[in-house]
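To start, the structure itself, in structure tokens.
Order of writing sets the labels: A, B, C and D. Residues in every chain begin at 1.
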Amino acid sequence: MSKYQTLKEQSYEANMEIPARGLALYTWGNVSAFDKNSGVFAIKPSGVPYPELKPEDIVVVDLEGKIVEGKLNPSSDTNTHMVLYREFGVKQGADIGGIIHTHSTVACAWAQALKPIPLFGTTHADHIQVSVPCTPYLSKEAVERDYELETGNLIVRHFLENKINPDEVTMVLVGGHGPFAWGKTAEKAVYNGAVLEEVAKMAMYTLQIKSDASPLADYIVNKHYMRKHGPNAYYGQKK
Amino acid sequence: MSKYQTLKEQSYEANMEIPARGLALYTWGNVSAFDKNSGVFAIKPSGVPYPELKPEDIVVVDLEGKIVEGKLNPSSDTNTHMVLYREFGVKQGADIGGIIHTHSTVACAWAQALKPIPLFGTTHADHIQVSVPCTPYLSKEAVERDYELETGNLIVRHFLENKINPDEVTMVLVGGHGPFAWGKTAEKAVYNGAVLEEVAKMAMYTLQIKSDASPLADYIVNKHYMRKHGPNAYYGQKK
Amino acid sequence: MSKYQTLKEQSYEANMEIPARGLALYTWGNVSAFDKNSGVFAIKPSGVPYPELKPEDIVVVDLEGKIVEGKLNPSSDTNTHMVLYREFGVKQGADIGGIIHTHSTVACAWAQALKPIPLFGTTHADHIQVSVPCTPYLSKEAVERDYELETGNLIVRHFLENKINPDEVTMVLVGGHGPFAWGKTAEKAVYNGAVLEEVAKMAMYTLQIKSDASPLADYIVNKHYMRKHGPNAYYGQKK
Amino acid sequence: MSKYQTLKEQSYEANMEIPARGLALYTWGNVSAFDKNSGVFAIKPSGVPYPELKPEDIVVVDLEGKIVEGKLNPSSDTNTHMVLYREFGVKQGADIGGIIHTHSTVACAWAQALKPIPLFGTTHADHIQVSVPCTPYLSKEAVERDYELETGNLIVRHFLENKINPDEVTMVLVGGHGPFAWGKTAEKAVYNGAVLEEVAKMAMYTLQIKSDASPLADYIVNKHYMRKHGPNAYYGQKK
């Protein structure tokens, strides 16, 4: 049995949530599960339809992008995942155990509009305390150099330049492309990907109802975030 | 067997309608069932996913917010429910046996836009005779004092100041947050929560089709409400 | 066994299509099946949830509105159905064997906006050759006199005044209220109700994409309608 | 056993994907599978509901429009399919093994607005490198001459006049009508039909979020298309 069996199963289960939650058509999404200790992540193979996917198809890749285990090609977005684990997870010490990329419909529409998703309400504030960031387009040079790797760099640079903490802001739109999200586990990454799509819908509808809607008051943002994520969080059950 | 067995089962059944009717993702909703005689209500435990929820997980709480039965933490919104039962149900004598809170998508969008939902048609008038009220943001002081309890007070105050009768208007949007609804039973509360989401959609689409659409004529509003709720109501079967 | 067994089963089957096709929440819709020879129609009982509905619950009513068979109250909209069968079916000789009324979301939005649904494309033209008509509000006097019966009269009058043939235009929006549709059978009425909702969506989206979209060219309208409904129709299989 | 058994089964399987993927209500869509060697295609019979469709109902037609096998009338759109196979597949040598026509909701809305779908993001660029083309209305003369055949001619002429390569652009909107898409197989044609509907939704939402959204930068378009379709494509598994 593979020493990465658990990691591969976590990745498999999380990938199967993509079609279950309607986050992508066909094969347009992928989730990886990261084990910081062994420095590898387990990711969906490229182009395999979810109904045919099996846990043993999951590909294990190290932080140099080398395949450690698996017979199939890993997701074409593998290098983006790799950069995020390397930069956010290892270098910056963020608690990232999983990453999701999808083409969920309304999150993509915001990314295509090159607009961050404004923080209009508590559904959003329950998860992050600022607008969902949206990067500019990747530059021509970066696209030609190494597209997927540079997409990771673009996200990392955007967070650094805008002083965004990846432990607190667990989702991003890549301009012209679509959403990435992450979390402490692959399962939590999928959760954040679903949150992002729902928040994207609510914000779009909010603007349709009131085109000059105001961002939520700061003190409500903070309260909602803190009751779920602060040192005295009281949402959910004690662990 | 618990003396609150029936109340807990009513609460459980009503909570399970939230995912069945698509009124919230993950754990973002809760229903309580109230027994006015014993002065307690049975509410969903905090953060428990619906597929894992069992009737015995439901928490019984009294009108001071103390847990009467149950091992789990009750919903973080428990104090909002408590205030509504205490003020609307006991003090004002309204016939409230259940309350629902969700983050249903389009109702949240109206709440995020801080706009009441205009009464445009008979689908709305079949249930309430006025716009769905929307409170302003809760004040900074109130948020810091006791967020969930003050959310309940905000709703009660908004109804008093605007002379809204909670027996007639069984739903409200909390500004920047989302919908609460109630009814004679927990089951009816869920029904009113679903009505609110549907009416929210219809009103948004109405404005997209005609941005200056007019509210429904008063005499049609009254007719539709009265045929379902008036002293000579003739909708449905005799009980 | 009831002499109306077949008619009741047709009505039952057609009513069960309402939830199956998402045309109404809860009990907000009804279908009737009409037998012109015996001058009766079989309609859903009022307020009975679809999952509990049984063929024997269907109520048989004559063209004076008297219950011929059945223990339950018929739909509160029974008199609207009755007027349409009487006026369109018997007096004008239209071929109407079934009527549906729902609160389908986008059709209601058009009705709430008091706007006919423009004929923008062939999906619409495959079924009717003009905009989906929308009546004005029912007058105060008519509402007070006999709401449901006068709703039927309003539709009939709107068709007469605008020279609309109910054999050709099998659907209508009642202003501020919602859609009614009919057909040669109850099954066909449901089909037309589903067509109306789909056409309502497409037209709303068309205006969102191009706010001054033009109606479809007449010669394409005629071609599409005629290939399905004209004397030389060639859509479908020979019967 | 029919010598066209495989072709008919491919057509059947592909047709059954139309309701499974929500691409059309009732019978409003059809797929054909083409065998270039024998010069015939297998197409859905006209007006047969998907739940009743069986592989043996599929009709085999040659490139003159003559029925080679099958007892039912072929789709009323058969001549449009025929022209596309004849012109794109045989004369121009494009690699077309299947065609789909549906009335998917948002693609129809763009067709009704007579607007090509702008290329706003990578979801679109993963499949085609330009806007989804939209033909003008078919002329009155052409409609009267031979509607379905001339619809095919309209598409072919629009591609020629605008120098669009049907091997690269595998989808089109017929103005005022709706979408057609094709692919190397019938299965791939359905895939492209589903892509078109999803891209249509994303583009509509993009314009709702930002009414003057810019088309995606050319160098990103090319990168995304090429990583899936170029000579060095690296998406998916090696075959």
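One rule holds in what follows: a contact is a pair of C-beta atoms (placed from the backbone, for glycine too) under 8 Å apart; a residue touches a chain by one contact, two chains touch by 3 or more.
Treat the numbers as computed from the prediction; the structure is a model and nothing was measured.
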Inset, instruction - Using the touch definition from the top, list the chains contacting both chain A and chain B. - result: none
Inset, instruction - Could you label the chain C-chain D interface same or different, taking same to mean over half of its residue numbers are used by both chains? - result: different
Inset, instruction - With centres defined as the mean of C-alpha atoms, identify the chain lying farthest from chain A. - result: C
Inset, instruction - Specify the angle of rotation obtained when superposing chain A on chain D by their C-alpha atoms, rounded to a multiple of 5 degrees. - result: 90
Inset, instruction - Please compute the C-alpha centroid of chain C, do the same for chain D, then give the distance between them in whole Å. - result: 33
Inset, instruction - Would you mind pulling out the distance in Å between where the CA atoms of chain A average out and where those of chain C do? - result: 47
Legend entry - Shared interface positions of chain A, touching two or more other chains: 208
Legend entry - In the complex with chain C, residue positions of chain D that touch it: 25-26, 28, 45-48, 72-73, 76, 103, 105-106, 108-115, 137-138, 140, 143-144, 147, 176-178, 204, 207-208
Inset, instruction - Please name which positions on chain A make contact with chain B in the complex. - result: 120-123, 191, 194-195, 198, 201-203, 205-206, 208-210, 213-214, 216-217, 219-220, 223, 227, 234-238
